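Read from first to last, the chains carry the letters A, B, C, D, E and F; within each, the first residue is number 1.
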Amino acid sequence: MLPRFVIEPMVRAALAEDIRSGDITTEATVPAGLTAEAEIIAKQAGILAGLDVAALAFALLDGEILFRCEARDGDAILPGQRVAFLSGRARSILTGERVALNFLQRLSGIATRTRRFVHQVAGTRATIVDTRKTTPGLRLLEKYAVRVGGGQNHRYALDDAILIKDNHIAAAGGIAEAVRRARARGGHTTVIEVETQSREQVEEALAAGAGIIMLDNMTPAAMRDAVALIAGRAVVEASGGINEDTVRAVAEAGVDLISVGALTHSVAALDLSLEIRQ
Amino acid sequence: MLPRFVIEPMVRAALAEDIRSGDITTEATVPAGLTAEAEIIAKQAGILAGLDVAALAFALLDGEILFRCEARDGDAILPGQRVAFLSGRARSILTGERVALNFLQRLSGIATRTRRFVHQVAGTRATIVDTRKTTPGLRLLEKYAVRVGGGQNHRYALDDAILIKDNHIAAAGGIAEAVRRARARGGHTTVIEVETQSREQVEEALAAGAGIIMLDNMTPAAMRDAVALIAGRAVVEASGGINEDTVRAVAEAGVDLISVGALTHSVAALDLSLEIRQ
Amino acid sequence: MLPRFVIEPMVRAALAEDIRSGDITTEATVPAGLTAEAEIIAKQAGILAGLDVAALAFALLDGEILFRCEARDGDAILPGQRVAFLSGRARSILTGERVALNFLQRLSGIATRTRRFVHQVAGTRATIVDTRKTTPGLRLLEKYAVRVGGGQNHRYALDDAILIKDNHIAAAGGIAEAVRRARARGGHTTVIEVETQSREQVEEALAAGAGIIMLDNMTPAAMRDAVALIAGRAVVEASGGINEDTVRAVAEAGVDLISVGALTHSVAALDLSLEIRQ
Amino acid sequence: MLPRFVIEPMVRAALAEDIRSGDITTEATVPAGLTAEAEIIAKQAGILAGLDVAALAFALLDGEILFRCEARDGDAILPGQRVAFLSGRARSILTGERVALNFLQRLSGIATRTRRFVHQVAGTRATIVDTRKTTPGLRLLEKYAVRVGGGQNHRYALDDAILIKDNHIAAAGGIAEAVRRARARGGHTTVIEVETQSREQVEEALAAGAGIIMLDNMTPAAMRDAVALIAGRAVVEASGGINEDTVRAVAEAGVDLISVGALTHSVAALDLSLEIRQ
Amino acid sequence: MLPRFVIEPMVRAALAEDIRSGDITTEATVPAGLTAEAEIIAKQAGILAGLDVAALAFALLDGEILFRCEARDGDAILPGQRVAFLSGRARSILTGERVALNFLQRLSGIATRTRRFVHQVAGTRATIVDTRKTTPGLRLLEKYAVRVGGGQNHRYALDDAILIKDNHIAAAGGIAEAVRRARARGGHTTVIEVETQSREQVEEALAAGAGIIMLDNMTPAAMRDAVALIAGRAVVEASGGINEDTVRAVAEAGVDLISVGALTHSVAALDLSLEIRQ
Amino acid sequence: MLPRFVIEPMVRAALAEDIRSGDITTEATVPAGLTAEAEIIAKQAGILAGLDVAALAFALLDGEILFRCEARDGDAILPGQRVAFLSGRARSILTGERVALNFLQRLSGIATRTRRFVHQVAGTRATIVDTRKTTPGLRLLEKYAVRVGGGQNHRYALDDAILIKDNHIAAAGGIAEAVRRARARGGHTTVIEVETQSREQVEEALAAGAGIIMLDNMTPAAMRDAVALIAGRAVVEASGGINEDTVRAVAEAGVDLISVGALTHSVAALDLSLEIRQ
């Protein structure tokens, strides 16, 4: 789904980092001409993400490896399920294994966690969105995994939306002035969001014409109140330390978006392994 | 502790990824000439790691930012503790915040988790070591964080030690032959490790002269037995799905090393935040 | 205004391209110790843009060159006006001259042309915006120059707004379906724009809830009609071969935005030169 | 004509700049499996240049796109003429369109303008040559386009010829000394050119043995005089603000070369468009 | 033998360095459609190394060149022997020739010289090893060539083994303390080597538990004495200005390893040439 | 002498290659706060080249190292002579030593060998020039070292001069036609050289108007004859396996240039070492 030229540099860098001057164990012990078949197996239930990235790791290492996907990104996979089949030079399969799995496990971990949040809010109007709390260098892949898990992406970078936080408000001398300046700077495709901590700030943001109003660290009751006040005149985002236990209550407060940093900043790799078929 | 030219490209890439064409919110709302003071505060107890990386993020963005460390990598920090003080252009502080924290929180998360494992094995002979299950592109930093947490590093890449696993053994036709080939390929600074699944394999690895013998997914009892068999003639490493609950029993089996993939593949960011002083 | 780490790689690449192994003329003829003063002078009236980029070219070449700006980006400058003063090693000034001017002249050319369009529409509600028809590799700088000239930026890349054109509509099977799919894919910060060629399409786009409606290659009369139909329910953009002669009529049709590819795809460098003071 | 490994990095960078994390409009609206045919059509008469670069943009994006050239670089093309035919995945064609055209239109614009200058001087001994006033990062391509248009290239960079200008002369203490130093520094493949502003300087340059003498901003009459004086003992180059109106008179003064910065610093893109065949 | 993605960037950089904007001689004189056959011939006896690198140079330049190896890395080749046969576009063969040979000749030169050292010590227990005195940027290739020649590799970089030299000993306050600190820093796969200048230092290094003891600039007699003292309790490396004349005596002193900087720092290219078959 | 931005990437790459994740020996044994003084000492007589490159290696590693040059590139240095003095952090000096010396020794080796050739031809009209037989990636530095040694540079790359060899002649159908095509392709700053193997070819090259005529592998007598025939109408270059023993006879044949591949393809590093002052 991601353009190859976007992911190729990341995969090349990962291969270089892991292999450096060569996989000396494999070179020493595995004959150059030996071929093998292998499979990537889930050891844990979860949502698959990153299979193309794993495939690319092998392709960059050895253009003749066959990598056949047997599941697709977004599939809910079960322990023991085979998600890919490989055949080709045994050396290439063994050398590429770790890099391929490092991507696949991390991205599947993100998709899996996102899906859990998405399930928690099922039936409400809320969409789960990510943040900029991503691993340095992997933002595009991690935001892709959030989408695979059923979430949506918040802005990618500091230049593709305006998000006015407390310090910006203080520097500008108030919400109204901050929004006015933001409008002058942003283009017509740039949405303006304002972070609010109180009902008063929500009112100011609304008056200033914010496109999105973030409710930062509010109680569900306060959020419900804000949602009522906003009454559809802006998109409403809840933010601030929301976890799997609290997300339902937040969603039921009627917000449109719930942003969750933990989708990407605290990720448990999904357990998948590559097994050579004897 | 890491050479600057090693971390600089990673930090530059992270800044480019986050800022792209510019922080349009800050540009719009914060006057160019405004200065500010800020502090990085722990919101959670843990082990600090990566303060130099955070400092470098600001330095690359604005050569005139003052960044004063008030704690050191490896310190056990407490909620509310200030770990750094910044002053300089308000714009630069706001623009650099997220990248600096993304590094600092992830590395501190790794150090914190490592320290917990280290505490679990206190008083035994076991050392906690990492694996190659690191985030693509960040291996050097993540292995640094493991050391900061009190762990040790396993090999960095496929070229700086030989680790003969089951597939290598099968391809070579047995442990003895695999080790013989490995010795011929490796240099005199290259340690040879053999992964074993049974007492028989331990005996073969020992006979072949392995420098390190990995006990893969064995029970504590089997490990204790292997340790007795090896009797100091090789370094003994335990591996395979070891977690905080099981690590103590493994350590008490008498192994020298316990490798834990979760130190780096499943990391909860340590909660730290940057706060502007009004 | 642009972050230094964004423009530095472009300037480095330009220096490498121009200097390669060294400025052999200057090395041969100018003594290493000779210092000089120089000034950058406008030879033509226009809008200045890119002075920081020019300054950086000299700074990267020789950290000890003094570069004093005597005008600011966005200033309307007159023939003969001095916009910068330099002093330092004569060799560095001569070697860096061409790269510095290549950036400065091109960016000033863009700002100058943008300003002319902006003047043409003065007093109307229309804003002049750029397109993706920029010089490969220089998009950030060129979009910056458009802002300096008084224009606004349309989207930066294919990922920061959705612009549904005729081929997308055909592939999706109609405007309504295309917008529906776009909404499912885009995030909450992603604006959806639809290109229309007829009043019927404007109606469909409006019904589908497009945030921006582009009127492609319509006559001023047709645009006026569309503006009336839309009646403020979406932002209206005029596009398609608009030039300095026709832009006023388009603006008077009441559109919000007028996008002009020629701002960046057909640029006459503004004439500026660097002169050594004897 | 340009080696692929020379242009590939530029095209990759342009794709990355334009597509970033993905063409979200196309992903949303165009089915992955849809194929299409398209053609690149000239909307304006001119000289084609850069068709291989356009082809490469598609090839890098999607190795399976068919791109069939129907004209060649250097051809004089007419409005409505088809210059290329494409077939393959509709998504790839739509996503690559803008980058391919940005290169093709700019390079064709340069070739077209060069050809006009070349026509102006037809029948004289003068060759039209470019300068170092090229777009940062695109010099190789732009100089290629000048050749396609029938011009010749002046030096590529500061290291492949010596061009002694007024400041070098002043620093060296005269033309004779400057040329002497230049000869000592340059290799045997390095031509030495001297810029002159008067008949006296032409005489000095000739006496010093310059291989090329540049007549800077002289009147046609002064040039004719200088050409007579030089009498074939050096190549003669005219330079300085020469445009399409004045170039004929300059050529008729008998110079060998006429260098024109505007070939590359002030370029109107040639109008070409990509059209999907329904 | 080296992974392609490791050598590809080096070969690309070398092609870019040599070809820059194009091989103008070949473009001018050789028709685009002309094909040719060529062969790479040894003009001198030696050990071949780098044939894959040479092949890659052509492959990167022109994917359709046939490059057939007729010898293998490590073969002892004779004057006049053909080591490769090429066929394809004449232009590509001529343009790629120099880069291919620059790699092949240098690597074969290293392998050849290594083999001479290896022959000198035949029948002893000594292995010839390289050092970090390699050409900047080419270390992986040069170390590969040493292995091809029959030598072994010492550490690749400052991070994959610990080598405690006199200045480290002085800074730490003695060998015992230096080794103690090194053990605390290094991982379990990190060998510790100590450089010694005297019998006393050898004793200290042995007592400290060094894995390798380097005898620096000792006489053969002193080495023999040290070997006896060490008695197999550590690997023994001889180092310091050893040349082809002195290496036999060093080997006969009973050391395990002899490190020779000249294998890589002073290399005579092996004479090979590419010849077009008429 | 070389622009810093030209050499900085090479030095950074060399540091990264040598240090990778860190100098673990130095980190372990040398206290962070320890300072030291050191000197770079010649162990062998020769011509110094590359001192700025060595200085840059330390500067990139640690901006606070003092590096004081005590000799200059081009100086004839004697065994025991100090060429630089350093002071600063002991760790940085030890970690940077090898990279700095690898550059300095190789470049000084080239300059030294060049100077020997230059001395051999003293009193003749011949200039010693280099070839494209340089180490991949280091051409700029190596050609600089040739100049430091008193030689001159032949062309840098395939695009900055035309050198018509036997295969080009054969493909074009003769010298006259090859030169004619070359003239049409080359710019006015591009010199045309023709390689000749016989008096007949010299005559053809002369008739065709070659700027430089290369005498390839001719005897001194044949060269003398060719020089007489050419009689100053073209620059004469001798080439082909010329060594220190044969170069004088070649020079006395009256040629203008003698190109020697061995200046760069077969280089003995000049022995220099860095010594910490106790």
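We adopt the following convention: a residue touches a chain if its C-beta (ideal position, glycine included) is under 8 Å from a C-beta of that chain, and two chains touch if they have at least 3 such contacts.
Model, not experiment: these values are computed from the prediction.
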| item | value |
| --- | --- |
| Target chain E, source chain C, minimum contact steps | 2 |
| Farthest-lying chain, centroid of Cα atoms versus that of chain F | A |
| Chain whose average C-alpha position is farthest from chain E's own | C |
| Chain E against chain A, contact positions shared by both copies (same if over half, else different) | different |
| Whole-Å gap between the CA centroids of chain D and chain E | 44 |
| Distance between the centres, which are taken as Cα means, of chain D and chain C, whole angstrom | 22 |
| Cα-centroid distance, chain A relative to chain C, in whole angstrom | 32 |
| Residues of chain C engaged with two or more neighbouring chains | 19-23, 27, 95, 156, 159-160, 190 |
| Overall pattern in which the protein chains touch one another (line/ring/star/complete/other) | other |
| Chains touching one another, given as label pairs in label order | A-B, A-C, A-D, A-E, B-C, B-E, B-F, C-D, C-F, D-E, D-F, E-F |
| List of chain B residues in touch with chain C within their complex | 12, 15-16, 19-23, 27, 60-61, 95 |
| Footprint of chain C on chain A - complex, ascending | 127, 129, 152-156, 159-161, 187-191, 193, 212, 235, 237, 256-257 |
| Chain D partner contacts - residues on chain A that touch it in the complex | 1-3, 5-6, 140, 143-144, 156 |
| Contact footprint of chain F on chain E as seen in their complex | 10-11, 13-14, 17-31, 34, 36, 90, 94-95, 98-99, 101-103, 105-106, 109, 132-139, 156-160, 162-165, 167-172, 178, 181-182, 184-186, 190, 261-262, 265-269, 276, 278 |
